[in-house]
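Next come two complexes, and both contain chain A; in the first it sits with chain B, in the second with chain C.
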Partner chain A sequence: MATAGAYTVVASDAGGGHVARRLGAAAGARRWRRAHEQQAAVKARWRCGCCACASDRHGLRASGGAGGLEQRAPPPLRPSLLSPSPPARPSPPPPSEPDHSSPSDTISAQIHHALTGQQPSAHLPLSPSASSLSTLSAASTSAPPIHADSREELFRACLRTPTVDVDELRRLVWAHGIPPAPWARPLAWHLLTAYLPPDRLDWQPTLAVKRANYWSHVANLSVDPTERPVTGDHPLSDAHDSQWKQYFDDCQLRVCIRRDVERTHPDLHSFAPLRDALERILFVYVKLHPTLGYKQGMNELAAPFLLTFADTRVKDLSDVEADAYFCFDSIMIEMVSCYEPCNSDVTGIARQLRELQALLRIKDPALERHFEKLGIDTRFYGLRWIRLWLMHEFHVPDCLCLWDSFLTSELRLPWIRYVCVAMVIRIRERLLVEDFAGCMKLLLNYPPCDVSELLRIADRLRTSNVIIVRTARR
Partner chain B sequence: MARSDDEYDYLFKVVLIGDAGVGKSNLLSRFTRNEFSLESKSTIGVEFATRSIQCEGKIIKAQIWDTAGQERYRAITSAYYRGAVGALLVYDITKKDSFDNVQRWLKELKDHADANIVIMLVGNKSDLQHLKAVTTDDASAFAESNGLSFIETSALDNSNVEEAFRSILSEIYRLGSKKALEKGSTSNFAPNATQTIVINPPADEGKTEKAKCC
Partner chain C sequence: MVLVLAIGDFHVPHRSPGLPQRFKTLLAPGKIQYIFCTGNLSSSEIDEYLRSVSPDVHIVAGDLDSTYYPDKAIVNVGNLSFGICHGHQIIPRDSKSANEALRREMGVDVLITGNSHAVEVWQSNDGGIFVSPGSATGAYTTVNHTVSPPSFVLMDVQGSKVVTYNYILEDTGLRVARENFDSFK
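And now, the complex of A and B:
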């Protein structure tokens, strides 16, 4: 394990300081798992009472400030730091309150909870990290943690305005994480993926249109000539426009998708009822993007949205499915390149992996040389990390915390590369004494860690000219 | 540092290839950890594990690379095949398509792997005899006509898994011995090993004195 002083950092801050706080990630994961297993047993409700991901996550400052890292919690919230608006942000009632009449409507419930605070907030005392050991993630210990309720209040304030300042929302998520209240993450993700427009008046109409749009795709993209035979068409037809041909191709596609859907979060009972929804989402996506086709890994990128959105007070899953589709579609705009065929080193995932290698070379030349000597290539470990946004590397609650930070960036891949480099650097001491097989096993079975610490290291690597220059053994 | 249990005489890289869902990952986990899971995730990129076995008094360390069934992009797969001396080409005995695609996988190996790679055709999921869609005779005849060895396995009930890996490793060893493998080379993949023979070092290695089996 990397321990205090285990490696030396040469840093000249290019952008400054950093407010960091951590959450009880491991405890959060256990709570989450327990909550979800109970949920599966009951199978009656779609929301766990206290957000499973109650782990009170990292806090990362976006930019600016004065050098150095502060450990654990930021000082009691100073809105002026977070927002260009006055500290006591005026919170006038919105001109038109959304209709809360339908309790089954996810977004109505979310809006209601967000604005009225009537949802009992899952109050989790923040537990400052005891494991921020390395220089990179070190910070002061003096600042008291922000109370979960305060964070929730900040979120409410941000979301209460008639036009949500999405940049401020990004800053809030970045600095303090998403509050544990069940409404918070779904709503934040809707806004961060631009599925919901900033203007709150447009929320309901947008949702109505998009959800209807999704379900019309579901209906229209499936052909079944057994029910409505077409004159002149027949099951053996190979014609391009043959419905029978399309029908058989679709059957094959569904088999392909289903095989991976069955293998998506197989250990998570709460995901079982979401499998049909995931299959439809992937089917619609592939039908609307025929040149890309279905690629393994897409299932892992769509599943977190379903998991997150279904984790609210919802009775009707159809809205959850439609919402998840559009958010998945939104992140795929950037991720398509990582799934497209690449037969050269300068495009697609191969390019991402080269850039990852280059970043590692800059940030930790000794480790990169060690890898080069052993023949370890980013294609061996980075491909899965990048394509899946680390979904295979950590427990789901930790992954969702990582995704919070990924989604705050408009371009996610550059930030994800920093997180990947942080992962490697975090275990560099172990890697440096391992042979090829030992390194591969470590990288492909990444040891459990505090993801907020990872994010702190990644942020430190990004915002300053940090270079790991030598190893100081214990 | 190199641990004592990492001492070995020969280091062989073996890749597991075949269509998605034929059970490659479970063959790997059954052989290296004696584990099987019905709830395994799809492989993205590559998985990796090692196990050492005894063969004719020598310790052979197998480095097994389990590749994603859908990964066909040359820029990626070339790294997985590089240096491989053996390939288990796996199909699912209950899925005719996966057997039909064996020809494509052979071409993939021909295009990207070393010309002398030892290939074994593996019909997995033999526990599902009632769903069998590829007969043993057909597969055996295909293997024979293509110069491959052949075995049917079940990672679930652990039948023939050990035999499949042992058989291909022995074959690689025998072929290597015939070519009078030079002992004492070091491997790009195992810098700590002093008793390693690399059969096919990476093409870009550029060093001399490397033993080659072929």
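And now, the complex of A and C:
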């Protein structure tokens, strides 16, 4: 592997091992094998009976978002690097400290945690300096999976500076993912989507302004024609400037949005109180971008922000909703073209699909020829993958890991295309033997896999000129 | 905010071929919650049309209806109770006090009557609101030998207040008149 500790080596299922080994250099393959053996015992414990998934996903789903990530990397303790005490989640600040944040202000709480978070171990011997990942890899003799504690320490250190270096944050998140602390992912996503400016002093005023902005939109865009009746306006009017017509059109739009909101994450109990917030977010977005209108799938793009920002300790969800709206808005800037009805081949979703097919043709010509022979157009699977950022293909905790890596790049769609190609290549030997129905079944119900391994494969595809010729045999 | 439509006296097919096209475009489904019809539909075609506009339709019998409908109907909407009666039972015909007496007899806050083919909404001294939607097709009436333009009345019920919109299709086009009433309940 080119970058040591590029992803935490988690158990990967047997099918992907072929390809990873094919892709990696010899040294990387040795390292992979060693890490794989280390994880084998863990994997045996985790593998659940009903499917081949390598993590306790079914337990994770009950808790929803970030809580599941704790189980991502339980590596063996290496006394040279770590404190002797077993790692634990950082405890909340002691009650004697002045309460900097109101209970409803999650960002203040997150900043507080970020800056003064309590560590169970007061010191990390041989802890590397904040921003040099190379010293970390040099300190370890052979690449250990980076420990959750030191990962969080790195993260905290990156955020401790008066001006957060967003590029450094991007590198950190890319290399190590986001630590499982509940404050980490919301704050990271706020910074990566440029919702919060890099200067830490600006955070509080920016938040106040933007949240007030969102709620003023909510108030202004909900038209009540009985409040200030206009002469000449009547309930059955179909004049385009009529308040009543606006009101009835908004009612229809809300019904349309509500239908999709009810279908978003129906199995997640933690999402139930967030549905009204999701409906308001989508309504405000559609009213502020009338040319696009509401399209199915926007609900799936907005839901993860609500899921990650909503903390069970916070009673007041209004700040969460405002933050989620602006983050959703920022990713929609790029995704608008994918939702517009596209007439030309040059822009929009047609272009994305064409580029996806071209990438697949470059990276795995045999598979692409197989698809062409069967008549499987990229549209059949790529449309949903790209439009929803893979939300329907994986379980929520895995999706959030994927979104961490998506959000690190400025232009997300090119990287998402690489991940899609990696997804297809990962199951290539199963695809090559199937017919049309079998292939479509595999692609539309993507078999559960380890997402960090998937991201690793995508990274290899992107950084090297490797072309898949055939799958190696074990 | 509940929208209630008062409409009646179509006399289709005997005195009129059907509802004016302008009214048909206005009465799009999905906006009106209740329809109170004062009677004299004279055909089942109008009955089906009204049920396509709104799910909750209450029709009372006029003097020329062949289908069975009840003589009077009382419906509660919001804080107010609405009484519907065709009006050919009220004698003397144009007497306001006879209308007031009928409202007190039915025990409702708003009384909707037809038969006069003249659109009018007025409030009595004891707080009762009286609505006459006129004839929706502009059919002639033997009551006063005049032909009024097609009309109906739309009411926006907000708690105890009623905002009425009179829709009148004159030769020059549609005219909408709005008025506020408070039932002092």
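Simple rule for what comes next: the second predicted complex is superposed on the first by the 338 of 474 C-alpha atoms of A that agree within 3 Å, B and C clash if a C-alpha of one lies under 4 Å from a C-alpha of the other, contacts with A are read in each partner's own complex, and residues count from 1 in each chain.
In this text, a contact is a pair of C-beta atoms (placed from the backbone, for glycine too) under 8 Å apart; a residue touches a chain by one contact, two chains touch by 3 or more.
Not measured: the values here are computed from a predicted model.
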item	value
Chain A residues touched by each partner, larger count belonging to chain B or chain C	B
First (chain B), second (chain C), both or neither touched by A:Gly177	neither
Partner chain(s) touched by A:Gln296 [first = chain B, second = chain C, both, neither]	first
First, second, both or neither for A:Phe436, with chain B first and chain C second	first
Which superposed partner A:Pro235 touches (first chain B, second chain C, both, neither)	second
Chain B versus chain C as contact partner of A:Pro304, first or second or both or neither	neither
Which of chain B and chain C A:Leu388 touches, first, second, both or neither	first
Which of chain B and chain C A:Pro186 touches, first, second, both or neither	neither
Common interface residues of chain A - those touching chain B in one complex and chain C in the other	none
Chain B residues within the chain A interface of the complex	1-2, 6, 20-21, 38-42, 44-50, 63, 68-76, 79-80, 187-193, 202
Chain B contact footprint on chain A (complex, rising order)	256, 259-260, 263-264, 266-267, 295-297, 299-300, 341-345, 348-350, 373-375, 377, 379-381, 383-384, 387-388, 392, 433, 435-437, 440-441, 444
Partner chain C, residues of chain A touching it in the complex	224, 226, 229, 231-232, 234-236, 238, 248, 252
Residue numbers on chain C that touch chain A, as the complex places them	1, 3, 25-28, 30-31, 154, 156, 158, 163, 165, 167, 176, 178
